[in-house]
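First chain written, first letter: the chains are A, B, C and D, and each begins at residue 1.
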Amino acid sequence: MPKKIRLGILGGGGDSLIGVLHRVASFINDNYEIVGAVFNPDHEQSLDFAKEIDVPTNRIYKDFDTLIAEEMKLPENERIQVCSILTPNFLHFPMAKKLLDNGFHVICEKPMTTTYEEAKILQETLKEAGTVFAVTHTYTGYPMVRQMREMIKDGVIGKIHKVDAQYYQGWMNPIIHDKEKRGTVWRLDPKKAGISSCMGDIGVHAFNMIEFTTGLQVQSILCDFNYIYDDNVMDMDGTALIRMDKNVKGVIRASQVATGEENNLSIAIYGQKGGLKWEQENPNYLYKLNDPEPLQVYKPGHGYNSKLSLDGTKLPPGHPEGIFDAMANIYLGVAKAIRGEEYNSGEFPTMLDGVRGLNFIENTVASHKQGNIWVDMD
Amino acid sequence: MPKKIRLGILGGGGDSLIGVLHRVASFINDNYEIVGAVFNPDHEQSLDFAKEIDVPTNRIYKDFDTLIAEEMKLPENERIQVCSILTPNFLHFPMAKKLLDNGFHVICEKPMTTTYEEAKILQETLKEAGTVFAVTHTYTGYPMVRQMREMIKDGVIGKIHKVDAQYYQGWMNPIIHDKEKRGTVWRLDPKKAGISSCMGDIGVHAFNMIEFTTGLQVQSILCDFNYIYDDNVMDMDGTALIRMDKNVKGVIRASQVATGEENNLSIAIYGQKGGLKWEQENPNYLYKLNDPEPLQVYKPGHGYNSKLSLDGTKLPPGHPEGIFDAMANIYLGVAKAIRGEEYNSGEFPTMLDGVRGLNFIENTVASHKQGNIWVDMD
Amino acid sequence: MPKKIRLGILGGGGDSLIGVLHRVASFINDNYEIVGAVFNPDHEQSLDFAKEIDVPTNRIYKDFDTLIAEEMKLPENERIQVCSILTPNFLHFPMAKKLLDNGFHVICEKPMTTTYEEAKILQETLKEAGTVFAVTHTYTGYPMVRQMREMIKDGVIGKIHKVDAQYYQGWMNPIIHDKEKRGTVWRLDPKKAGISSCMGDIGVHAFNMIEFTTGLQVQSILCDFNYIYDDNVMDMDGTALIRMDKNVKGVIRASQVATGEENNLSIAIYGQKGGLKWEQENPNYLYKLNDPEPLQVYKPGHGYNSKLSLDGTKLPPGHPEGIFDAMANIYLGVAKAIRGEEYNSGEFPTMLDGVRGLNFIENTVASHKQGNIWVDMD
Amino acid sequence: MPKKIRLGILGGGGDSLIGVLHRVASFINDNYEIVGAVFNPDHEQSLDFAKEIDVPTNRIYKDFDTLIAEEMKLPENERIQVCSILTPNFLHFPMAKKLLDNGFHVICEKPMTTTYEEAKILQETLKEAGTVFAVTHTYTGYPMVRQMREMIKDGVIGKIHKVDAQYYQGWMNPIIHDKEKRGTVWRLDPKKAGISSCMGDIGVHAFNMIEFTTGLQVQSILCDFNYIYDDNVMDMDGTALIRMDKNVKGVIRASQVATGEENNLSIAIYGQKGGLKWEQENPNYLYKLNDPEPLQVYKPGHGYNSKLSLDGTKLPPGHPEGIFDAMANIYLGVAKAIRGEEYNSGEFPTMLDGVRGLNFIENTVASHKQGNIWVDMD
């Protein structure tokens, strides 16, 4: 019997970047085989793409409903076990729900849904289904992010007092500052992109990283947005003051007008005994600030790292791994969960991360719209 | 006739760090000679210190009032021309006021006064006096900070949309987390240290850097503090959302519980055409983010820098200069002003910087105390 | 007809790190399918490994000769097209030779052979075979290394005058300094590891990078080794002075006693108009030194990069890719060559790189043994 | 009696950069007062310069011989105690010799003399004179270089096996590549600049840093130069293989054609237990490589530093100091020596450093001219 998990793909065809990322990630640890897909709304294109990447075409379905219907007819040991949802955001919820209702495991791109309401419904659905559900907050897959989480859990920096996370990008700049473009692009149309651009797309990653690494939860939020132009209704930039449990305060900063920045996601956590800092664009360096000892620089693959971190490194120290490897680590964790093997809760972000992310996004909007007041997280 | 400006020093004796900084800065460009001083409240110690640093003792006065009285008796061409005020904060105002009233030029350590009210009085006094008044926001003296200011002024990054400044320190950590220490140290006693610790001591530098480099003014502030402990009444950490003129938003972050941080003051300004970033601990690097061109790294002493920047560099590229050189640049600017020579307004921070700093500090406290609401700057 | 190239694997079973690297690299661009292998000298272990990574066991052969014999019986459209040789070094030559003799394409780990003599024989064999042959000098697959090559080719830094390459490692330190270990480990036994440890294993990468990026050839070498201990006969450290064509001089430095270094391969090329610097452990940064303009930092995925560089990047700027992606780029180039598609000569290192590498290694040893004299490359 | 040491200055007038560096350094710790000088060969210009920097003109002499003659007439407690020699290189020897013969202390710019022969004569002269003599290898004054020396002395990295030092510059590039300029500039005329350009001017610094930090001596040298052009007789670039005592090998690399480099002096020392790396352009960072522990970054002013390092830092951690502060540390050490106070031998480079520097320079030339053979240091 083949050992590989039978993977279905929804979306991710053609030149889709997210498609490449997930496909490669699924291959990296020899755990998955793509057996079925709807790569594209156009069936012909879907078939062509399957041929291009050399996936058998017999289970390339014309649409999602057909995929469900046909796969359910197959014996369980042939049926798709887990589906990766890489479609436009508004399809995440209905697809995920139907997959769970039919007992499939799910790997869902972020944002998990377009509203918090949907997220909570999905959470209930998952309770019934009892399957494995992962949301691909990819950055949690980096070995040094995992190391950060484990060190904090082990009390290495002591009681936390301050958190600071940033996600700055500049690539949308030419769109934002062009009146015609900003009026027509789907990303700045709330009907298509959801209620928030900057916080919804990237701020939520910073939020997730804080909760992932500290193990604490954000309790309330005060947020201010910048729309930059009066004719623009989506946030291009925002800063959220946050309060976490145990009397911790912090700040989440996100911007899509940070000209020249690429994916400058960085996170700093300061505790009573030390600090930890990490930057996404140099993911293989974790800085441990000590007072009164010298700063230390942790790197992947060394024996001083935690098991969770080491499990996410394939080669010895000095061989840089990147974003594909981070996503692969998440797929590896999901594979363990699907097979019922033991795994660390840090190996992949779950439904709870998805739900909290949507809660965060809606609260930032609410806080801003009500005049920058404190809004409580559920 | 000696060319050097006759400098008086108030405070800065013994092991005073600020004393060394100002003294060295005054020497660096051959512009000043210390002719009189009250280095210490104890006259014997003052005299001893004068001998130690080889300053003639005949004009080491027993107290500030005597200094004024005796100096005013001297002919103008022998009298102290400018006094550097390096005393504890609460003495800045009365000393500065009396100096101005008597027609002296003043170089005043930061914070200029302990209240905004005093600052405004001082501002009026200066109008009458018509002398030169500098507040030593030292960081503005770095060549690459000056370059940043000039590039922004020249429109290199276009219309600004986002500012982000941080000042994180950790050295007070052992004090803050020790109940006995935090209850007794003068820095955490509002009667001695003023109404704010974190924002008053370091946040105000971040604020000043934003206004100095952008040429824009902060218009309103929403601030949240963290006192860390219930028995502590001084802010140890705070984040201020800011709104500037021309529809610019940003954030100022300051912390004294950022364990392991030294003087991590950093500033990022994003405009429509590019971004500029600078960090105090690596002061000789200015990062210019360009989209779609490669990042550029500006360094001091190169011909591509502005005159204002080049005037602050003494050696060719590749010879690192530091904080003493930055302060020396401020003293150089003050010397030009005292001599009536032409100088660039960026050469030293003025009364206005001092007044706005106090306005900022009081507004952060007001915003926090009133429940994190927006408070307007004057 | 499946589109994927039929790949055979020799070695790389079990915990082999090089095995993971090649296997993942072959998957990344959807171009290869593993159809046959001898993963391990022990057939049972080979079969077990095949099951573990879910490769069909029907073409897992008991040894290399059987693989050749059986594959040759298959119709050409089922037969393995290309074999990756990941075995111990001494097997590279006989395997590569027999594969070429039978018309297979070959991807060979480095060093291509154990002697220059063998390398030249292989070169002749390839001429007869006319197949595709790649040597996996993996670092040439990094997008910014490719960019460096293209920029130099385009004359961006002008006529080259100075090259400087370094490969420093420290991981062997505990072995080297332990008398018993260094006397027994295969890596320090010339019979098993070849005539050179430091230059043969890592110095040759630095050599290859210089020739790859500059397009120039090293003409003569003067080398000094350090064996560290009298009872050790393998070089642990060495520096080679080099002279290239067109009056260029430089230096290649390699060390296995650089305690604490991981894979610190770095290269600097200085031309009349500018300089270019790159470091393997931060592979996504290419530094362009300009005089009198500011330093520029090139990063992958931006439109300013060359086609060769962009072809090696899968995601937009700011998504770090690493060593697996670099190797995948080499596999991608080989796939194009096998399919007869157009490709850039920089897409994979060839037989010539392998031959020159062996020539270099033997010359460093010859130079050292003859008293650090100049030795000419062929 | 004034406490300050009476300092004489030879050279360093007008726009002299070295003049500023020494003058500021002498001021920084309140130890010196300039009482006499020959700033310039032209007496009028010398007087003008004295007025410009506000030094009394009564002891501004018309030439060096007059300075000696007149100062010797003064009572000892008024006479210049120490002279800083900042003149063109060929004057260093005769001035230093005559100063020593007359019992003055000397601070001499580098290179100490133009030949090794002169250096040895000076060494003998000093033995007779018994005064204090410092050569300003300025980089040894940086706190983190001093820390490196102390850590190595304390055995922190164990027995040394490998040293690697580099000094790369690019500023001469426009001169070198212009046939007319390179034929006329004094720096490329051996009669005026000495026998070596690149090794003599900058390579010798790298050499000095190795001996200063390791406490070991270079024993033999094999060097290759690059003149770049046939019509050029001065080395523009060179690499020296070195062998030190205790079986240590290493390499010194220097270049004046490293386009775009500023003062890229860097040094790496690897021992059995760890490595230490430092770069002149970021002088406040000392990297300690550990295997198997994380890299550590040492910074000035922290309690974990040695006394020698801490004595060279004036402010708490996080206040960057630079090249002026480094030179000031050397002047501070010289002041202690002149006053007969206790001092650490690392506080200033001595005659021995000067002598060894000249020995090194002549040996690099000898090795190159004789066909890149090993030449022994004395």
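Following the convention adopted for this analysis, a contact is a pair of C-beta atoms (placed from the backbone, for glycine too) under 8 Å apart; a residue touches a chain by one contact, two chains touch by 3 or more.
This structure is a prediction, so every number in the text was calculated from the model and none was measured.
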item: Fewest touching-chain hops separating chain A from chain C; value: 1
item: Most distant chain from chain A, judged by the mean position of its C-alpha atoms; value: D
item: Intercentroid distance (Cα basis), chain D paired with chain B, Å; value: 35
item: For chain A paired with chain B, centre-to-centre distance based on mean C-alpha positions, whole Å; value: 43
item: Whole-Å gap between the CA centroids of chain B and chain C; value: 55
item: Per-residue overlap in chain D, given as positions that touch at least 2 other chains; value: 171, 261, 288, 295, 299
item: Chain C-facing residues of chain B, complex; value: 288, 292-299, 302-304
item: Residues of chain A defined as touching chain B within the complex; value: 157, 161-162, 164, 166, 168, 170-171, 173-174, 177, 222, 224, 226, 228, 237, 239, 241, 247, 249-251, 253, 255, 257-261, 268, 270-275, 288-291, 295, 372, 374
item: Residue numbers on chain D that touch chain B, as the complex places them; value: 2-4, 17, 20-21, 23-24, 27-28, 30, 33, 51-54, 169, 171, 261-264, 280-284, 299, 314-325
